[in-house]
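I'd like to ask some things about the structure below.
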């Protein structure tokens, strides 16, 4: 019987290694797999590359992981937001490498990794300092920059409902990067608010099919932690 | 008030011009916008380029459009199937230009058009006769071919349920190419089995958001026509 | 009299937003940036249906919720709590940016540090060596939307023009902005340069030109 | 005695399918091509949960329906009516081929005209000037799946080998096939060439080599 449920965060994170690239779902505090991210601290993993839209809020989740010094490099579109004090301190002190990526390019690069597209052209950023030293090619009347797929070793995502096959739904704005991260990583781990173990989700309304999900851990933690 | 409903197939097809590129949803007979496709015959439009997975079945839909001599070129992954006699006769007689595209590349090229990606690399087909004369580049240990976005002037798609905002759902295998065609055309026209005019579809389970849909025509035509 | 030339009053942030709202027709799909652009939504008449998009996967953004109705899972790109209007939908980030980058938005309204006379936009970083920079969806919106309108103050706090021949701030996108709404004027970016469509009452073209570091002329069809 | 060398019996199409089914472990995501590969599904024991994928946007394909339960909206890539098993899902074609091309399938099983000793696959066209050719998802599956297994007759109807040094038919993909199941044998494609894992009872390596246009050797660990 297929059963992707893990009994605990620790079990779900088994196999996470030093130097791994982590893809984190979430936009702001909504849809962020806070408990899985904090679980990474307990695993002892370090020298991590983290891909996420924001650089964490307050003292939870990614902010804690950064504070613990586990992250070598951040690939991010919008690290500097209200409450991202830990990021700002680390970055100013030179304790963190940052690769800044436009938000749509960040999503598209992960989607490309998940879809077997090693590289694609986009006009986004082509005429800016972010394209310095990059390959540019003209399509129609627009300069485009070549962007490469962004693969993850492990994706940590947050779902609203899951079944034992790893099918997932999300709630409202909690969807955001989660389905994209799920496609792009070799090992995708979801924390879910609600679990329907043997009762499958409606095949018409599944957002992330189980093929993209390796492990599910049930954490009825309530509303987003800000 | 936003209201994308058209009163008839003829009204829905207003503005279709000679020489247009038509994107047709459907896989086999399921999810094919048969009535809209046949409506194209009545508009008188000719010299069309048609993008579709198959080349039509029996004597309906695309098969009729082909028979009427309205199609100059077919961009297709699997034209030759049981029942595709009209295609085979036309093609053998030299009355039709054919661009053969692997099925995944066909879907991805339309998705790219819809997503603002002018071109992308893929390993599919790189070592085959379909890549002759094309740009090849190596990523990792694989040769990849550069594929360009495939844009449509008009998409003709089939939905299960629609609302006045143009939001759509599909039924079972009727989804197939429809959501992809919807993204890729300047003008997207949907025929829908069921209509919820003012009662919006559930925002969590909409498959094609209304931003991709310009016109909706309600045709409660029953099961797929084979 | 010297006083006659200074009788004009600049628009407030809310007035700029209201002015922009006037120009958005029913049925458009629109993304609003943070700041003054966000205020545009509340100024569109309720009976004129416009669909507001948010980068984080929402179409059909409605006004801020009453406290009792707040859904903690429903935020906009500025991380503010919002509501969903009938006809709205949720989708993931790749689909959301497909809408932006695939040219499906009729309009986005953005703030800016500077705009050039050719429509170059600078609104993401204050310098090339910005400490802790952030780009977000600015570059995607600037190249993707069918129309890019900018809402900004006509000059900086110290009185320097923000509308210039060549941007000094790092570019967000080249030849992107199609219209500029400031506290003093509405300007179109055309192949023939900047054309003034409107000015606040009492302001002369000469006075506006003094506050603008690129040549202006009156739009022929205004 | 001459008869001793001919006492073997080739597998039927169903036996080939059943042999392949043995090697598919629980939990794999598998795409089955048209023909013999399609028969594999029915040979996986019911208690062993394997998820079958169909190009037209389905995970969790089940057996053919009873006539009374037939859903005309539920067909597989071969345009046959199918059922959906618990845990299944529907998705669009770009997502479906993202699963294929993004290497999310553990396995696809395909038919073939020819396979080379390096795993080159030819299964889509009979000649370069095929009249009315069709490619479908063959090239996507051949480059995308984690493993590509081929199910085919060992030789053509006229007795020509289908396993060759260099394919004469147009290629579907280079260095793609990892295992070949024929009516006579199971062969692995390895960096050291073709290795025979199994042969039908009574068949000698020499006799199999005669029917194969590329060097064979017995797998060391068989």
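Things to note:
Per-chain residue numbering starts at 1, and chain names A, B, C and D are given in the order in which the chains are listed.
Basically, a contact is a pair of C-beta atoms (placed from the backbone, for glycine too) under 8 Å apart; a residue touches a chain by one contact, two chains touch by 3 or more.
The structure presented is a predicted model; accordingly, all values stated were derived computationally and were not measured.
Chains that touch both chain B and chain C are the following: A.
In this assembly, the chain whose C-alpha centre lies farthest from chain C is D. The pair with more inter-chain C-beta contacts, choosing from A-C and A-D, is A-C. Rounded to whole angstrom, the centroid-to-centroid distance between chain A and chain B, based on C-alpha atoms, equals 33 Å.
The distance from the centre of chain C to the centre of chain D, each centre being the mean of the chain's C-alpha atoms, comes to 56 Å. Chain A and chain C, compared by their mean Cα positions, are separated by 30 Å.
Centre-to-centre separation between chain A and chain D, using Cα means, comes to 35 Å. Those residues of chain B in touch with two or more other chains are numbered 108, 111, 115-117, 122-124, 142, 170-172, 203-204. In chain D, the residues that touch at least two other chains are 84, 90-91, 94, 97, 100-101, 143-144. Chain pairs that touch one another: A-B, A-C, A-D, B-C, B-D.
The touching residues of chain D, counted against chain A in their complex, run 26-27, 29, 47, 49, 51, 53, 59-60, 84, 86-91, 94-95, 97-105, 143-144. Residues 27-30, 53, 77-82, 87-88, 91-92, 98, 100-105, 107-108, 110-111, 122-130, 142, 170-180, 207, 223-224 of chain A touch chain C in their complex. Interface residues of chain A, counted against chain B in their complex, comprise 108, 112, 115-124, 137, 139-140, 142, 144, 148, 169-172, 204-205.
The residues of chain A lying in touch with chain D in their complex are 1-2, 111, 113-117, 163-165, 167, 183, 198, 200-201, 203-204, 206, 209-212.
Chain C meets chain A in the complex at residues 54-58, 71-77, 79, 84, 90-94, 96-97, 100-101, 125, 128, 131-140, 143-144, 170-174.
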